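In what follows, chain A forms one complex with chain B and a second complex with chain C.
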Partner chain A sequence: AVPNMYVCEYLFVNQNVSSHSNSAIESAIGGNAYQHSKVNQWTTSVVEQTLSQLTKLGKPFKYIVTCVIMQKNGAGLHTASSCFWDNTSDGNCTVRWENKTMYCIVSAFGLAI
Partner chain B sequence: HRLQGNDTILKCQKTFNNQIPKHNSKLYFFFCFKKYTQIVKDRMRSSSHEVHGTEPMDDESFAEFGKSEIFTLRTSMAKIRYANTYKMEPYRKFQAHLVRNKAQHILTQRLQETKYNGATSSFLCNSISEEILTAVKDMGFDRYKYVVTVLILQKTGQAIKISSRWVWDVARDNWVSAKCETESFVSLALIMACYYE
Partner chain C sequence: MSDIAKDKAARLLKKRGSVSSLSSHEVRAKEIIGKNKDSMSTVSYMDEPGHEIPRLAIQLENTYQLGPAKRFPVVTVNNILKDVLTNYLQEEKYEAELCRQMTKTISEVIKARVKDLMIPRYKIIVIVHIGQLNEQSMRIGSRCIWDPASDTFSSYAFKNTSLFGLANVYAVYFE
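Moving on, here comes the complex of A and B:
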């Protein structure tokens, strides 16, 4: 059992999480057009920045961050997630970002320890 | 341990003047009980645990023991409630190969014959992720939380890059991915399992 002062609603922190993800995306791929050679580096930097900012919050959570960068081509992309966790303490946050040449979707999941 | 046992028998034999009263059933029972309590006392000295609730004991044979001995005997025979299990590992650890096979099977079964359709794909995505989640739950790995993500991507010659990172317990948490490719689309399933105490 976790003492009460450490139990925090992950959803409450959702605003912070989305802003962290957004800032990570902006800094990594902000003004760029899609470039195949660089996309590897972009995904890793987006994910690592988001994750490091989440861990800096210092909450007792395990984090999973997934980033999808797709070139804009008129193709369809569908994602679905289902989770088996504790609704009161765990949560997720998904940020969709796009510019003229690509889409970027960052999902962050937080699981309480 | 063997020596202790003999010691106990010797002690009990002394109280009965070197005669184990087999002819008298009541006395024999009492003798066995005394032997048992002696062994339990010896064992209690070498172990320690915490108990949060005891049942009241009102057996008169306890009268001859000292106060501390009664306490240790009570704890040894008490009903243990809400004690820490001190478990660090799950009974059944997450087995990646089983889950991968199952997820692959579900994906190929549901998607091999279908064609990409914008309207139905989102529903298909949802139902597949729920199906994989129930299948993994049924496998019965205890104390795990799961996150299942399914992606269906239409093939139109575009490029896509998917990457994930996590902060978790490397010894106990694990992840599995399964892919299914057809002419019109690619589907990817990611299953992540986190150990939860």
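Moving on, here comes the complex of A and C:
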């Protein structure tokens, strides 16, 4: 007989993604002012830290993590995303972080295998 | 036999439907979680954690397929992105309300056109950024954990005198 599995553990939302993203942002750029020379390395480190914490969870998920870092200059930015996936098991989480000199937006998408 | 199962799986996936960001009632939870003395962060989810009742896993039949039957056509999608972005943004000037609607519309249009390509068993994520050009500096980056043999992405950046637009499409194979 086919076993009935309750998918609780496979739901993306239960992976507490926001705290991982947040801690990655804080450790990479928390307390820093915007610096053009460093921003490349900051985006890389935020994304890599978030990804490595997500993979440590060991869930059967594929992840996509996007990071936008923008200097605060009065300019506007709009972001939208549209996804074609399985609503019951896939999800996303967006964290918007700002300090006095810059904005940082991290979006993490998780797709069940 | 595997064709029938493949079709069933594809239809099931399609029936799951797509969440439209145009109807923003889908973004349910919005909490301010951190406020240091010099930084602030906000989080938004698709679904609130712990909110959903555990659902029964739907067992799909084996397709005995090792890889995608039809690969994702990156070049075609690049052209779609170029087409859509230039058509929608060529003449526009940056305006907050217009661009807010524009990002949502463009991401829906791109998703619909990529879905029309009918690539079976691929999940699609479309991300669109539109921003003002104001002598500020910005960096957009992304990393993915997936199977590089079957999953891929496509990207196009558009710029005119007052705004820039960036569209990314990620295609992930559903095994």
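Here are some notes:
Following the convention adopted for this analysis, the second predicted complex is superposed on the first by the 98 of 113 C-alpha atoms of A that agree within 3 Å, B and C clash if a C-alpha of one lies under 4 Å from a C-alpha of the other, contacts with A are read in each partner's own complex, and residues count from 1 in each chain.
Criterion: a residue touches a chain if its C-beta (ideal position, glycine included) is under 8 Å from a C-beta of that chain, and two chains touch if they have at least 3 such contacts.
Please read these numbers as outputs of a predicted model, since none were measured by experiment.
For the composite obtained by overlaying on chain A, chain B and chain C cannot both be accommodated without a clash. In the superposition on chain A, contact is made by A:44 with both chain B and chain C.
Of the two partner chains placed by the overlay, chain B and chain C both lie in contact with A:81. In the superposed pair of complexes, A:30 makes contact with chain C only, with no contact to chain B.
Touched residues of chain A, counted separately for chain B and chain C, are more numerous for C. Contacts of A:99 after superposition on the shared chain: chain C is touched, whereas chain B is not.
In the superposed model, A:16 makes contact with chain C only, not with chain B. In the superposition on chain A, the residues of chain A contacted by chain B and by chain C overlap at 34, 36, 39-40, 42-44, 47-48, 51, 54-55, 62-86, 90, 92, 107, 109, 111, 113.
Contact residues on chain C toward chain A in their complex (touch as defined above): 13, 16-21, 33-34, 36, 38-52, 54-59, 94, 96, 99-100, 102-104, 106-108, 110-111, 114-115, 123-147, 151, 168, 170, 172, 174-175.
Contact residues of chain A toward chain B in the complex are 34, 36, 39-40, 42-44, 47-48, 51, 54-55, 62-86, 90, 92, 107, 109, 111-113. Of all the residues in chain A, the ones that touch chain C in their complex are 2, 4-8, 10-11, 13-14, 16, 18, 22, 25-26, 30-31, 34, 36, 39-40, 42-44, 47-48, 51, 54-55, 62-88, 90-100, 107, 109, 111, 113. Partner chain A is touched in their complex by these residues of chain B: 116, 118, 121-122, 124-126, 128-130, 132-133, 136-137, 144-169, 173, 190, 192, 194, 196-197.
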